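Once you scroll down, you'll see the structures, which are given as structure tokens.
In what follows, chain A forms one complex with chain B and a second complex with chain C.
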Partner chain A sequence: MIRHTGGLIFRALSTLLIVLVIAFFITRIAYRNPAVMLAPRNASQQAIDAIAHALRLNEPWYLQLWYYLYRGPDIQGAPMGIAHWPPALGYSFRKQTPVTDLILSKVPVTLSLALGAVVIWMTLSILLGVIAARRQGSWLDRLISGFAYVSLSVPTFLSGILISYFLFFQLSNYGIFWFPSSGYVPLTENPFEWARHLALPWLTLALAEIGIFQQLVRASMLEILGEDYIRTARAKGVPEWRVYYDHALKAALNPVITLGGLELAVIMGGAIVTETIFGLDGVGRLAINSALEGDFPVVIGTTIFAAVSFVLCTFAVDIITRWRDPASQS
Partner chain B sequence: MPIFSVADLRVAFGAVDVVHGVSFAVEPGRTLAIVGESGSGKSVSLLGATGLLPPQASVRGSVLHKGDEILGLSAGDLRRRRGADIGFIFQDPLSNLHPLKTIGQQIAEAITAHRKVGRGELRERVLDLLADVGIPDPLARVNDYPRQFSGGMRQRVMIAAAIALNPGLIIADEPTTALDVTVQASILDLLKRIQQDHGTAMIFVSHDLAVVSDIADDVLVMRAGHVVEQAPAELIYRAPRQAYTRELLGAARLGGLVARAARPSLLPALPSMPDLLSVSAIARSFAGRSAAGGLIRPVLQNISFTVRENEIVGLVGESGSGKSTIGRLIAGLDRPDEGSISLRERIYSRPGRGGVAIDRQLRSDIQVIFQDPYASLNPRRRIRSILAEPFIIGTKLDAAAIRRRVEDLVRDVELPEDVLDRFPAQLSGGQRQRVAIARAIALEPSLIVADEPVSALDITTQAKIIKLLRTIRRQRGLSLLFISHDLGVVSELCDRVIVLEKGVIVEAGETARVFGAPRHPYTIKLIDAIPGKALQRNPVPERIAAHA
Partner chain C sequence: MALLRSSFLRHPGAVAGALILIAILLMAIFAGILFPGDPWRMVARPNLPPFSPGHLFGTDMLGRDLAAGIAHGAQVTLLIALAVTMLAVAFGTAIGAVAGYFGGWVDDVAMRFTEFFQTIPSFLLTVVIVAIIAPSLTSIILAIAIVSWPQIARLVRAEVLSLVNQDFVRAARVGGLSSARIIWGHILPNVLSPVIVAASLMTATVILIESGISFLGLGNRDFVSWGYLLGTGRTAFRVNWWLSTIPGLAIFLTVLSLNLVGDGLNHWLNPRNSNRGGRA
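Showing the complex of A and B:
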């Protein structure tokens, strides 16, 4: 177990290092000179050169990587060195604040968005998937599958706008203001308002995922229902609903958990469209804005953050799988 | 009055009838054995009668349980009888136990599905049941998962779940087929004891008349969905009326190892034949469980033997004895930790790092047949392409020549030519194993390692495959290392036999000698565990003699 965990951590760290180096080089290739983008429109060449110099853009790449990892640009009064949290990922060119601070300030929004959505889509997918598997071939199964395909094929920018239109705009026409169309209230401030503000984005994200997950649950259930131990459960006289929701579902969840972890990581890395439509100031918007502005350190920082989310979600999936199936260890 | 009776039972899947009017009954305290090959409809009849078939199956006829008609009962009413009044034990205890639930949960569930029981009492009863079916240290094992048990222990867990509510009827569907012979004997004893303690009626399904001979009061022989013969057990064994029953009896080895093995025609290998394979002092161990702190578990110790040209050597032992590991080492799929293996005096396997890289010539010289023909053939390839592969890899023949060779091969293993365009799933178990044999002999090897090649097959199919192996040996002059836990099969086929216990050779010699006059207590124990002994010992009762 210790060796397994050790290996996992080693692989996670090396993954992060590789992602960091690749992200660093991509930003160098993608932009000619961020100093031009950062400078005012009519800035003189001297001014641009001054900016480039201040950001150390004239230094060779290995020094730039070193500064990025180790100290960030020279800013008066800022702590330096990798031991000094937070500037290990450098400073934003534009905002002059540590990248880590910038990202961490956006995490609560993105985390709330992702976790709420995952709960909704998993619950609905499992429910609909089991029902469809139980009534395989019936009109109900076909109806659910039809819904799944619609959910699969409608892009988020469309479903988000439609949800916003009907559940916010049309309702508000009737004087009903259940769901605000934008904004974010921290959970610690007011849990009810938190959920109310996030309801529509959650729904938008969940709708996009239910299609895949419902079909996955259904297919996995149908496979498990053919297993011998399901017949054994029936032979023991276990009630049908328990055969489905306990015996079969328990075994059918393996691929659902694995894919669920990956999808959660994708959303943590930035649900850009959803965040934009509902005006949520999350990591996704930070990433896209910094990319547009040529703010390298933030671009790399958000990439690293996405990679960290992947690593953590994989880790969580691993732990859940082991907890569900302790016998697999020996 | 019978506790369970079936009259004119018919089962159909769509337009295909699989059971054509079967009738039988079983009384409390008695055992009815239903015997037949796979596909004879024996399991389907019982599953159909108890509502365990998928809804596509149509079941007609009459099924009386405790005097009530249960065919056509609602799913809920049937459910209340299953488990509470009818206990089930199925063949493969690994696939029949839920992999993600502890055995304690699975046994407790047999109780909670029907009764409301408090937590403490439930736990007590589960522990009692585990002790009752002979699981050592139930308290320590109750939270373990099926994978952490051996095959025999898993089957005991299945039995514990089946008897949890003390049902009046137990339906056991091939409960010992996947088990070692000594384990099989202990499971049969357990079932017999439970039956005597509780006066339970039992329906015991098997493909092997020998297995049921010690336990059955009545026997029903089925074939292709029909009842062939139905009679008290004594009559079936002493005076079978139908030719098919006699065929089954002939295939079953009713404790009669020695007589067969002693037939002189089965000892054609001349002592003057030179050694083909020589295994000298090999040892192999594997890292133990991580919980034990990386302990080394020795699997084989100081194994030495030879296989002569044109000889069939049997390697017998229970599961865990290391016999498959020997097979893997000889086939070059693994390396020994000590010792060496040579073919025609050329050493090709000795200790070292990594897998054995044996050259192409040697690879085609040593071929393997595995136990499970379902798993060892690629399900997505036609038989033609499966059989062409060895030629593509091992020879430089052109497509037309390969085609001819493949057709020859199919004829050699006595398969009809039209199997070539089918997929493995469209073949019977016996046909699939013939394909596996054809693949193994394709490149004319000098040695075939056959790892339990007939264990997954019906007893009548076993007999045919053994005959085929014997023919191939005679025609092609190859040698065979035949690995099996089934002493009956080994005694019929092998010239010499090696008995393996826990990674050590305890006895070796001519088959007739080893089975006729075993010297090691373990060999004696194995031979004693062969079912059907009781029939041999008892003289024919008078009433039967009169009947005959």
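Showing the complex of A and C:
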């Protein structure tokens, strides 16, 4: 167990280090000089050169990478060196604040978005998947399958726009203001407003995921229902609903949890389109805005944040599957 | 005709998907004949609603014909999707086949390499790459291909692993064939069918990613793609809903038909595991 965990952690750390290097090289192939993008309009060549010099943009790539890893771009009076490594994802070129602070300030939005959506789509997919498996081949199964195909194929930007049009704009035309069009209210401030502001983005994200998860639950259920122990349970006279919800579903959930962890990680890394449509200022918006502004330390930081979320979600999946596994409980 | 009817009865979804797909392909191929000239020029009064005479999908705020935009946009969108899929399949197959065939440290290194690209969410990575490097057709294609190949590599590796120790491969090895010839001539043909299925499903994902990029305003403005039409129409959604809804529906229909065709191919080519849900 300890060896297993140690190996996982070593693997995760080495993965993160290499992701960092990959992200660094992606910013190196930029077609615009970040110093030009950071300088005020009509800045003189001297001013641009000064910015480039201050950010060490003129030095060879290996020195830049070293500075990035070792101390982050220089800021007067900022702590430096390996001892201060954790906060040193570097400093934003543009805002002159630590990248970690910038990212952490956006995490509540993204986390709320991701967790709410995952709860909605998991509940609905399990419900629909079990129903479809129980009535395999019926018109209900076909209807749900059809819906799954729609969910799988509809682009988030289309569903997002339509959802915000009908559930915000059209309703407000009738004087119904159930859902606001955009914005975010922290959970700690007002839980009701928090949920109200996030309801439409949750719906948009959940809609995109239900299709694949419902199909997965259905396929997994059908496979489990064919196994011997289910037949034994039925032969023993276990009520049919318990066969489905107690015996079969428990075992059928493993692949669902695994994929759920991966999809959660994707949304944590930035549901850029959903955040854009509903005006949520999350990690995804931060990533794309900083990429457009040439704020490269933030770009690298958000990429690493996405990778860290991925690693954490994989860990979580690993722990949950082990904990659920009856063999490990003895 | 009888063949079509019987296969339609067995796989109504796949056949319907194939028909939609053919229609969209024809529209893309003949866009220049159907709507000659620059689709981006003004042809009529602005903001004509859909089903206006001569302008099936209406016009935008500058009086540009949306139907022409959709037809020409299909060319760009499908071209990008095909190019990305071919690149990703070629690269992914090469990596996966080598990893699976040689095993050992080669396999370890190749799979670790693949893992890094799967650690970063693909849409985020593409968007960041496109935002940082100049958004040209080539860079968009490369950026999406970079995030798409790992799944093919993993699939091919798994399939190759199940084949390397089979008798026909051993026989070929004993016969003194080079590794390259065994992989190319004996193993890859047997891996083809799952790769075809994965490629058709991947094309759908690529279209979604490409239109997402254009929707965010990062696409290349020299080429009108569906995502670009949708993105520009979004700001005026409350005035003329069709400007973003119709390109959105075009994307949706294409992706839907690709998913249907992909699952149909899966049933047809891999009957063994076809009851295990569409997407692997």
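Everything that follows uses one rule, which is that the second predicted complex is superposed on the first by the 320 of 330 C-alpha atoms of A that agree within 3 Å, B and C clash if a C-alpha of one lies under 4 Å from a C-alpha of the other, contacts with A are read in each partner's own complex, and residues count from 1 in each chain.
Going forward, a contact is a pair of C-beta atoms (placed from the backbone, for glycine too) under 8 Å apart; a residue touches a chain by one contact, two chains touch by 3 or more.
Everything numeric here is computed off the predicted structure, so don't read it as measured data.
A.B. asks: Tell me which partner A:153 touches in the superposition: chain B (first), chain C (second), both or neither.
C.D. replies: Second partner only.
A.B. asks: Contacts for A:126 in the overlay, against chain B (first) and chain C (second): which applies, first, second, both or neither?
C.D. replies: Neither partner.
A.B. asks: Taking the superposition as given, does A:227 touch the first partner, chain B, the second, chain C, both, or neither?
C.D. replies: Touch status of A:227: first partner only.
A.B. asks: Is A:251 touching anything from chain B or chain C once the two structures are fitted on A? First, second, both or neither.
C.D. replies: In the superposition, A:251 touches chain B alone.
A.B. asks: Counting only touches as set out at the top, which of chain B and chain C does A:117 meet: first, second, both, neither?
C.D. replies: Neither: A:117 stays clear of chain B and chain C.
A.B. asks: When both complexes are superposed, which of chain B and chain C contacts more residues belonging to chain A?
C.D. replies: C
A.B. asks: Give one of first, second, both or neither to describe whether A:240 is in contact with chain B, with chain C, with both, or with none.
C.D. replies: first
A.B. asks: Thinking of the overlay built on chain A, is A:264 touched by chain B (first), by chain C (second), by both, or by neither?
C.D. replies: After superposition on chain A, A:264 lies in contact with neither partner.
A.B. asks: Which part of chain A faces chain C closely enough to touch in the complex?
C.D. replies: The contact residues of chain A facing chain C are 15, 18-19, 22-23, 26-27, 29-31, 149-150, 152-158, 161-162, 165, 169, 212, 215-216, 218-220, 222-223, 265-266, 269-270, 272-273, 276, 284, 287-288, 291-292, 296, 299, 302-303, 306-307, 310-311.
A.B. asks: Any idea which chain A residues touch chain B in the complex?
C.D. replies: 1, 3, 227-229, 231-240, 242, 247, 250-251, 324-330
A.B. asks: If you look only at chain C, which of its residues touch chain A in the complex?
C.D. replies: Counting only chain C, the residues touching chain A are 13, 115-116, 119-125, 127-129, 131-134, 204, 208, 211-212, 215-216, 218, 227, 230-231, 234, 237-238, 241, 244-245, 248-249, 251-252, 255-256, 259-260, 275-279.
A.B. asks: In the complex formed with chain A, which residues of chain B make contact?
C.D. replies: Per the stated touch rule, the residues are 47, 50, 52, 75, 79-84, 88, 90, 92, 95-101, 109-110, 113-114, 144-148, 158, 161, 289-291.
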